[in-house]
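First chain A sits with chain B, and in the next complex the same chain sits with chain C.
The block that comes next holds the complex of A and B.
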């Protein structure tokens, strides 16, 4: 076994050249998949304009836009980081409970409604961000607020 | 007319053997998933995200809620090299 991971072999090339200095630096998001899934609706609630800007830029670039949309992309990253920072600051306990539940249940939101309810409440009380499911029917109770749940593993909601 | 207990011994052995291998395999899978239930029905997006988790934490099933990525994360995303054929 080689002690050092290869930088270049027949499958991958890891290019460690950093971005040039004329591109402003922004730290990448460090949260992994389950915390991002848990925070996704709050990121959406605060960052919708930035995200929409970025998607419009990418759409108008017709399949290109990696360089042209970097400015919008940095805004998206910064906004998501601000949401994660606030959730970590005010609701860390509920947040951890929810994403650990998600991670243990195949990242299916409906398995973790009780943890989600307390997280939603904490985030709404402290950050004034509310979970709204985009495109959900207007005349029905959204799925995460229903009193009765019919589809989850027994004892997990 | 009772059944002699010797007639049931093979069933006991079968039960124990299947039980040991089943429990062992299930424990092994649990261990491979970092002490968590395994992921199932994953699609390409899930695979991409799990690979990102691996780059962030070092484990495929590792999770972290840090806000900023560790140093070097932004440059360790590999380019997939086209397979050579001649």
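The block that comes next holds the complex of A and C.
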């Protein structure tokens, strides 16, 4: 299913009717791709139960998940928003540095390891959220902790 | 008429071997050298491929952590439009028509153009 918004040249034809009042309101996340990517592992670390709940709900709803899983969806959004809020509160400087680096480097995570290291440290110290890549080989150093990044531009590490 | 005969003592030996100096090292040394270079190259290639696999895994998981978030937002938007469509239909037709013979949520193919256009 293509999830592309219709584009028109002359005007934006978007239905702006809000949701009915009996459905609780939730503020959308409102972040662009680079901050989301930068915070993704922390969102995953804190919100895994909610995320899993939502995906299970969608799977089991048998095609009606859009309507039936709204409650789980709101939890997912609120949880992710809380992570972003906390990161903004405690580690705004490092966070900004990292996602701007991602934005400037085609969102290649390996170009921004130094910024990422300080962000990870700050987030771990303040929020106790750790970046873990599931399924990585256990006898190797995880790729985001390696001193030398083979694919990074020279001088980046 | 006297017949043409070989010279006395026979012909001189014919030189069939080339008499060029052999330059460079023995061929086997070159073979070993190239083999070593290529072995090292493939070793480094292997390291690079493994690192790239790990980077791919990292990127994939960063996306996996975000998928529920993005999907939830999209679903909420779809439900909003769906409910708005239904309300509009009720208002215009006075009844709710079931278009599909299914309970599933179907993304609308056509969109109603809102009366007051937003720029």
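We adopt the following convention: the second predicted complex is superposed on the first by the 141 of 157 C-alpha atoms of A that agree within 3 Å, B and C clash if a C-alpha of one lies under 4 Å from a C-alpha of the other, contacts with A are read in each partner's own complex, and residues count from 1 in each chain.
Just so it is clear, contacts are C-beta pairs under 8 Å (C-beta built on N, C-alpha and C of every residue); 3 or more make two chains touch, one makes a residue touch a chain.
All of these numbers come straight from a predicted model, not from anything done at the bench.
For the composite obtained by superposing both complexes on chain A, the positions of chain B and chain C are free of clash and fit together.
Once the two complexes are laid over each other on the shared chain, residue contacts for A:106 go to chain B alone; chain C is not touched.
Legend: residue contacts after superposition of the two complexes on their common chain; A:18 is shown touching both chain B and chain C. When both complexes are overlaid on chain A, the residue A:84 reaches chain B alone and has no touch with chain C. When the shared chain is aligned, chain C comes close enough to touch A:51, but chain B does not.
By the document's definition of touching, of the two partners only chain C reaches A:41; chain B does not. Rounded to the nearest 10, the angle made at the CA centre of chain A by the CA centres of chain B and chain C in the overlaid structures is 60 degrees. When both complexes are overlaid on chain A, the residue A:95 reaches chain B alone and has no touch with chain C. Of the two partner chains placed by superposition, only chain B is touched by A:32; chain C is not. When both complexes are overlaid on chain A, the residue A:119 reaches neither chain B nor chain C.
Of the two partners chain B and chain C, it is C that touches the larger number of chain A residues.
In the superposed model, A:67 lies in contact with chain C only, and not with chain B. The least CA distance from chain B to chain C in the superposed model is 5 Å.
Applying the stated touch rule to the two superposed structures, the overlap between the chain B and chain C interfaces on chain A comprises residues 11-19, 28-29, 36. Chain B makes touch with chain A in their complex at residues 36-37, 39-41, 46, 49-50, 52-53, 56-57, 61-70, 72-81, 83-84. Against chain C, the residues of chain A that register as touching in their complex are 1, 3, 6, 11-20, 26, 28-29, 36-37, 40-41, 43-44, 47, 50-51, 54-55, 58, 62-67, 69-70, 72-74, 76-77, 80, 109-110, 133-137, 140, 142-144, 146, 149-151.
By the touch rule above, chain A contacts chain B in their complex via residues 8-19, 27-36, 81, 84-85, 88, 92, 95-96, 99-100, 103-107. Those residues of chain C whose C-beta lies close enough to touch chain A in the complex are 47-48, 51-52, 54-55, 57-59, 61-69, 71-76, 78-85, 87, 102-105, 107, 111-114, 117-119.
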